[in-house]
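Right after this note come the structures.
Across the two complexes that follow, subunit A remains constant while its partner is subunit B and subsequently subunit C.
Entry: the complex of A and B
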């Protein structure tokens, strides 16, 4: 839609509304997932969804539902149907995670080294 | 002293427009077409009341006017200077949405001109509400374009709503006898200039929506001199009903 620092992200240009999404007879509106960014550089976090005829209006609605109370600098909307997820019955793929503690980053003991480094820096 | 009087007139009509349209639009709360839109429209109505409050505060704090609540709720009908567009009942959603579109672009153009105002309180307020108005006009444009492309019935309703609203909306720009003096003081450019800018702002959206802009034939004037439609008094009665039970009460 427009030039962006992050080429993966399309941005809504205010005052330049794209051609509207056509809702065919009998077709329902789409559900869009909403992601909220609290400050520049922070991750966008999933906060909920809105129901809208197209992405532009979804963003307008999201501004009202999720961007009017807490601090907010930006929002993302993604059509829920565009999200790809695993089947719930395949949850067993993750079942043994808790046993594989060697993959757990908290296993590294670094505080001692950090403290030593800090002491040296002083 | 004279400039103060002119400023009072300007700020009163601006504030009254905001208060009355804010009250009108809030009548949609709980009745909007879908939940998300209900919340959006109600929230923007609150913003309008907020703008009215900010303007009445300028009158009170800078120009020796009354307390904002007194000013909003205790004045008689003839002392209100809102234009007729803002007074009209909400009608159906096409009418209210078209009024929102026409009014909010007019508002955006007006505040935009105030960014250069020589009267600092108005300049500061214009800076404060700029982002809000950006969103309000984005919301209005998105809906107008969406509904005009959503089939023949929808399109015809929007064109009819525009035809019904346009002469009323031209009444926002009822020239005042002192516009030239306000312009000479660099307070704001005057209604004629704002009208031209407004047409420039709404035209691209109307073109995109394939709506025909009606001719300005008989702009509905009168509100700025305190002459109103039969719809304003019942609104004032309702709006001030609770406040007048005990005007001294602290909220």
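Entry: the complex of A and C
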């Protein structure tokens, strides 16, 4: 009998052996990233991850962990090891050349030309 | 709930400072510049060894606090007064366990596995918030925890959510959102007792008297006694000093306690209107360190129960293992 205020704790056999208990590496399964869709038509957005023995249970755990509040219509899970990403330190490769108006909507002034054409046609 | 303001430090700092000297000065400067500019640090970024170590320590202890903190409250689920209180308490305890998972994941992005963190908790190497080494003796204790300990934790977590490490901030944003319900349901249950029968009121006052010192301990020793927070503040690991957080808590919550006709067991507690700071009797810091060392009323029970759960959960963790899933293992990516 343990000396606890909690009757449930008193029913347990605590410290059956004095051996220290050690969780083995990998015993907490594998890591899956979770993507949450808030409403139909919205993107799935990364919200965090779960530990699970396989993708099916990862979905179940993800529902408990990321779907118990707020609106959610769908979830994706994918093994963290399967995510391929650029190196964070290479972020400068995304720096934009400021002279890139040729691939930007603002780089094309159609109204100017139309107005000019209309003015000339009068 | 439960990022204690005070994070226990293992006594091996000398060795770490040596390591610190080997950080590339150019990379260190770029790193500090990034933080000064308000940018977040992400898992793949270069970071000083000491920053990584301190963050693992902070986030891991926060995670353990969520899990251990669910134990004193979980005790009262079967005896919660009424259906609505029981539903709310079950939901809150589930949230706390969920917060533990979010935080373990954030700590894992820094390179320490969840298994290693659990082992360090069970062996006593890694600590958790000291308040959970005290028993929840009556239902009034549950309302004091739900209202005031959660409130104190929110002060700390809202501050930390503006820190520099991306995964920790994202976890905290989610946690703070859920905490607002915890605080409100705790306040509601607290008010119900405070405005109830004389017996209810006496029970609450008794719980408040017993919890006041652990609450004053919550944010850790006074600033004048803690030596190493300057670098952590610059790196936005620690976002406010212990005394500042304690003061902010007292400012917001002492009036909410007093307006209900309750008293606090400290004759010196009062706000100095000139300085804007609260004055109070020094809580017993020797007792605080004694409890951290493992000699509090519930330290042993908390860890024994945790160990029991790990021992008795092993068979199902193993039964669910499927070949193939573990060919490639990785830590969380963000």
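Structure notes:
Throughout what follows, the second predicted complex is superposed on the first by the 66 of 122 C-alpha atoms of A that agree within 3 Å, B and C clash if a C-alpha of one lies under 4 Å from a C-alpha of the other, contacts with A are read in each partner's own complex, and residues count from 1 in each chain.
Here is the rule we use: a contact is a pair of C-beta atoms (placed from the backbone, for glycine too) under 8 Å apart; a residue touches a chain by one contact, two chains touch by 3 or more.
Just so we're clear, the structure is a prediction, and the values are computed from it rather than from any experiment.
Looking at the shared chain after the overlay, A:30 reaches subunit C, while subunit B stays out of its contact range. Contacts of A:118 after superposition: neither subunit B nor subunit C is touched. Of the two partner chains, subunit B is the only one touched by A:63; subunit C is not.
Note on subunit A: of its two partners subunit C and subunit B, the one contacting more of its residues is C. By the document's definition of touching, of the two partners only subunit C reaches A:87; subunit B does not.
Legend: residue contacts after superposition of the two complexes on their common chain; A:53 is shown touching both subunit B and subunit C. Overlap of the subunit B and subunit C interfaces on subunit A: residues 14-15, 20-23, 50-51, 53-54, 57, 64-65, 68. Contact residues on subunit A toward subunit B in their complex (touch as defined above): 14-15, 17, 19-23, 50-54, 56-57, 60-61, 63-65, 68. By the touch rule above, subunit B contacts subunit A in their complex via residues 34-37, 39-40, 43, 134-135, 137-139, 141-143, 145-146, 149-150, 205, 208. In the complex of the two chains, the subunit A residues touching subunit C come out as 2, 4-9, 12, 14-15, 20-31, 33, 46-51, 53-55, 57, 64-65, 68-69, 79-83, 85, 87-89. Taken together, the subunit C residues at the contact with subunit A in this complex read 42-46, 74-75, 78, 94, 98, 101-102, 105, 108, 113-116, 118-119, 122-123, 135-137, 170-171, 174, 177-178, 301, 304-305, 307-308, 310-311, 314, 317-318, 320-322, 325-326, 328-334.
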